[in-house]
Amino acid sequence: MGNSNSKDGSALEDFGIEYASAIESTSLVNIKDNYGLFIDGDFVASSSGKSFETLDPSTEKSLSVVTEASPEDVDRAVQAARVSYEKYWKKMSGADRGRYLFRIARHLQERAREFAVLETLDGGKPIKESRDVDLPLAAAHFFYHAGWADKLEYAFPQRELEPHGVVGQIIPWNFPLLMAAWKLAPALACGNTVVLKPAETTPLTALLLAEVIRDVDLPPGVINIVTGAGETGSAIVEHPEVNKLAFTGSTEVGKLIQRSAVKRNLPLTLELGGKAPHVIFEDAALDQAIEGVINGIFFNQGHVCCAGSRLLVQESIADNFIDRLQKRIELLRVGNPLDKNTDIGAINSKAQLERIDQLVKAGIEEGAEVFKPSCSLPDNGYWYPPTVLTGVQQSHRVAREEIFGPVLVVQTFRTPEEALEKANNTPYGLSAGIWTEKGSLIHWMAERLRAGVIWANTFNKFDPASPFGGYKESGFGREGGMHGLGAYLKNTGGSS
Amino acid sequence: MSGKIPIAKTYKLFINGAFPRSESGRTFSVDNPEGELIANVSQASRKDFREAVRAARSAQSPWASRTAYNRGQILYRVAEMLESRKIEFVELLKNIGLNSKAAKSEVEEAIHRWVWYAGWSDKYSQVLGSVNPVSGPYFNFTVPEPTGVVGIIAPAEPSMMGLVSRLAPAIVSGNTVVVVSQGQSSLTSITIGEVLATSDVPEGVVNILTGDQSELLPWMIGHMDVNAVDISGISPETDHTLLEEASLNVKRVVSRKVEEESLELISDFLEMKTIWHPVGR
Amino acid sequence: MPTSNITFGKTGSAIKVIPVDEVSLEARAASLATRSIKTNSKRAALHLSIRCMDLTTLEGADTPEKVASLCQKAKRPDPSNHDVPSVAAVCIYPEMVHYAVKATEGSNVKVASVAGAFPSGLSTIEARIADIADAVKRGADEIDIVLNRSAFLAGDEQRAFEEIVASKDACGEAHLKVILEVGELGSYDKIRQASMLAMTAGADFIKTSTGKISQASSLPRVLCMAEAVRDFAYQTNISVGIKAAGGIRTAKQAWHYLVVIGETLGTEWLNPEMFRIGASGLLNDVLLQLNRLDSGSYSGPDYVTVD
C-alpha cells in the first residue's frame, strides 16, 4: 500500500472484473418469415413479386425476407396516401391527429424492449444504445409532435397553415426506427399523409411500427411503408403526385434527389452527411472531453451523420490527450450487439465495411499513422475495430471524406483562429464540438463554426425539442423543435 | 453657352462598391416604350459574375459580424437615400413606361420596404430563435444565422419593388448578394446600386450585374461558392432543368411571389444553429 | 514534473489540476453502473469487496466489547464459511485502538484509526498532530484524517497542504488516508483540486467522506477522485489509493465501485492496497449475496450475524 506500485504478492492483484455476456433475450421478438408492403392499412404483396433478404450483420444470418416495392407499388402507396389525405386526414382536427400520435408514442414505450432487440438484430447496433437512445427518443418524438398537432398556429402566427398533402420520406439504416419517428411525427402532426421507405438493410423495425400503426387504428393510408432499395426510392422521388420530399442519407443521393425536386419546385428537406470537427482546447475538462470524443465517434459504430470524426486538439496537449484517448479506447468492448456490456457493435453491411476499410487504407497510404486497440473481433459478421488515425493533414482524403465508421482522424491546432479555420474547411456543416472551460471562447467558436448543431462540452445529444440539421452540403431544413414543423406546412420557409 | 446638352448616365456594373464596365467590353441597349434609346448598359460576363461572388464572399463575414442594430441603421439609411432621390426614380420608372401615379407609388412602397426590413434587423432572431426545453441537464438554444452568399435573379417587373423586395430581406440578416438584372429593370437596379454605394452599405455586400439572365443563370446555379439562390425573378421561359446544378453544392433554392413582404423571406436565407451546453457546477 | 499551473507546497512541486464537467462525469458514472458482472465473477467480486472493506464503527457509544465484536466479524465475516476472506481493516476512534490491536492480533486485519479532530478537523494543528501521534503510538496501522476544509474553502490551500504534510510526518510508518469530505466541497472541480492537493502533500489514500454528513460517497464523486488519481499517476508516476466511504450498503453498490475503479484506473487498483470501501452495514449484504450464490435461493437477515 502507499506511494509505490509495490504489491505484497498476496495474490489479490490477479483479480480482474469479467463482465457477463449479458445477452438480451430475443424471445420478445417474433420475426416473420416474410413481410409484405404496408399500404392502405394492410400488408400486401408486390406487383412484381420481387423480394430481398435482410441480415443480422453481426452473424450474417438471414433474418427475414422483405418485399421489394416496384414503381407500381409505390404508385399504389401514393394513391392510398392521397385518398386517405382527402378522406380522413385533411378533415380531422389537429387535436384528433395529436391523439393518434400520442397513441403511437405510448405503444412504442410499451413495446420498447421488443423494438430495441429487433433494431439491434437487424442493424448491428449495441442493445445498450437501441434500448437507451433509439427507443426512448423515438417515443419522445411522437409524444412531442403529438402536442403540436392542435397548436400549429402558435408556431406560425399570422400564416395560413396548410399541409402539403402526400409526403414522400426516405430514411437511412443508422437509426432506422428513430429516423422513421423524426420523419413521421412532424409530417402527421402538420396534417400530411406519408409514403415512407426504410433502408433496405434495416427494414424490420419500420415494419413492426406498421403493426403499431394498425393497433392504434390510424386511418388506413395515412402512413404507408414501402420497402426496397434505390429503385423504390427513385419511384417515390419521381412520383408526380408526391407533394413534398424529405430525405436523410448520403450527400451523394441527396444531391440526386435535389436535382429531381428543384426543377419541379418541389418542397424538399435534406439531412445529409457530415465530417464534424471536434475541437479540444488545452483548458478543457480533459477526462470528460475524452468521453465526449469516444461518444462522438464510436456511438453507433460511427454510423452517425453528425459523428465527431475530425478531432482537432490544441498542440500543447496533443500527445498527452492522444495517449489518454488510446488508453481509453483499449477499454471499449467490441462484440455481440445483444450483449448489454457491448460498446461497439457490428458494421451495418458488407458494403459499408468495405468502404471503411478502403478509406482507412487510403489514409495509411497518404501517411497517416494508425492506432487500433488489441481487441479481438468475432469471426462471422461485419466488424471494424475502433481506429484512430494520427499525423493526418487537412488535404488527406480521410480528413475530408465522410467515413461513416468507427474511425477518428486527429489533427492539431495552435490558436482558436487556426482551429476555426480547419474546422470550417469542409463542404459539410452538420455538427461540431467544442471543449473548453472558457465561456467566452465557447461563444466565440459557436458563433463562427459553420454547422447546424454545436455541442459545447458535450457531444451527440439529441432531443425532439432541439432542431437538428445542416449547413452547406449537409443539407437544409431542420428536424425537431418548432423549426422542424415548417418543413411540413406550405409557405412557412424552406427550399427545394 | 454650355449646359444645353444633357449629360446621359453611363450604366455600369456594381461590384465590390465600384462601378466597373464589364470585363468583356459588351453592352446592351435599353429603350423606352417608344423605342428610343435610353442607355447602353454594361453586359456582364461569367467572369464579372465570378468577381462579384468573390467580392460578396469576402464581404459576408464582416457584414454578418456587424451588430444587428448597425445593419438596421444602414438599411434605414438606404431608405433615407432613396427618399432624397425619389424624383430621379420616379422619372426613371416613367421613362420605362409607368404612369406618374404608378411610378410614385412604386417608389414610395420601395422606400417603405427598406424601412420595414430595417426594423426587422434586431428582431427576427428573437422571433425565429428559441430556447429549447430538452429533457436533460443542458441549456439548448437555436439562433438564426445568415446562409452566406446569395444569388438573386431580379424580377423584370415591377423593376424597383421587385428587386428591393428580394434584396432587403436577404441582406438584413448578414447575407451578401450578387444580383443579376436584365432588360429595362437593369436601369433601376444599377440606380439602386448607386443609392447603396452612398448609404454606408459596405462594399461587396450587394453586387449588381446587368446582362442576359439566360447567360448568367447557369453560372450562378453552378457556382460552388454561392450558398443560395433566389429565383423568384426567373423568366417564365427559362428551362428549369438548369436548376439541377444547384445540387452540386446543395444550394438553397428559393422561389416566392416577387413582391411578397414577410418574415419568411428573411428566414429563407437563414440557417438555424442549435447549441447545447451542459448545466452543472 | 510536467506542466504546471497550480503549485502546492514550499518545495514548489507543480501539479496541473484539470477542470471537471459535472454533467458528463455523472453520465459516465451512470453508464458504468449499467455494466453487469459475469455470474462466475460474482463470487470473486464479492470476496474482493470484503477484502477491500474497512469495517467501521465510529460512534460516541463505542465500547471495548463493541470493538471486539467488530474485530471478530472482521477476521471471520462468516463463521460458517471459511472461504470468506477477512476484511482489510477495522476503522475506529483512537480511544479504541488499543482494544482493536489486541482483538486483531495474529490476523491480517489492519487497525485504522481516525485522528486529527475527526470529523471536523477544527482544532489546533498541534492538537491534531498530537492526536495522530497518539493513535500511531497505540498501534494503529493506518490513520484517517480529514482535509482542513475550512482552510481549503477559504482559499488557504497552502495551509491545508502543509497540515497534511505535517500529518504525514506524524504518521511515521503508518499509512495516511486523507478524507476530503466531498459532500462539503460543493463541486467536482473542488473535489478534483482537493484530491490533487492531498496526493501532492503525500497522502497514501484519498478518501471520500467521514460518514458523518448525509452527503457522502457517490459513484460520480469516486469517479472524479479516480480520474484525479489517474492523472496524478500520469503526472508523477506515483499511485495513490482510493477509499469510498459513507452510504455504501449493498453488494450491488460495491460492484459499481469496483467497476468504476477498474475501468478508470485498471485492475492494478482492485486490491486492498489501493482500494478500500469504508462501511458498517455493507458486509452483511455481501454475505447475504454470497449465501444466495451458494444455496441458489435468496437468504434472509437472520442468517448473517448482527454486530
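The letters A, B and C name the chains in turn, as written, and every chain counts its residues from 1.
In this text, a contact is a pair of C-beta atoms (placed from the backbone, for glycine too) under 8 Å apart; a residue touches a chain by one contact, two chains touch by 3 or more.
Treat the numbers as computed from the prediction; the structure is a model and nothing was measured.
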item	value
Central chain of the complex, centres being mean CA coordinates	A
Chain whose average C-alpha position is farthest from chain C's own	B
Chain B and chain C, separation of their C-alpha mean positions in angstrom	69
CA centroid of chain A to CA centroid of chain B, Å	37
Between chain C and chain A, distance of the C-alpha-averaged centres to the nearest whole Å	43
Where chain C touches two or more other chains at once, by residue number	21, 23-24
Residues of chain B engaged with two or more neighbouring chains	136, 138, 278
Where chain A touches two or more other chains, by residue	457-458
Chain A partner contacts - residues on chain B that touch it in the complex	130, 132-136, 138, 140, 142, 147, 227-228, 240-244, 246-250, 252-255, 264, 267-268, 271-278
Interfacial residue positions of chain C with respect to chain B in the complex	21-24, 26, 186-189
Contact footprint of chain C on chain A as seen in their complex	1-5, 7-8, 10, 12-13, 15-22, 128, 283-288, 291-292, 320, 324, 331, 340-341, 437, 457-458
Residues of chain B that touch chain C when the two form their complex	136-138, 278-281
Chain A to chain B touching residues, read off their complex	140, 159, 251, 254-256, 258-259, 262-265, 270, 272, 427, 442, 446, 451-458, 461, 463, 465-469, 471-476, 478, 481-483, 491-493, 495-496
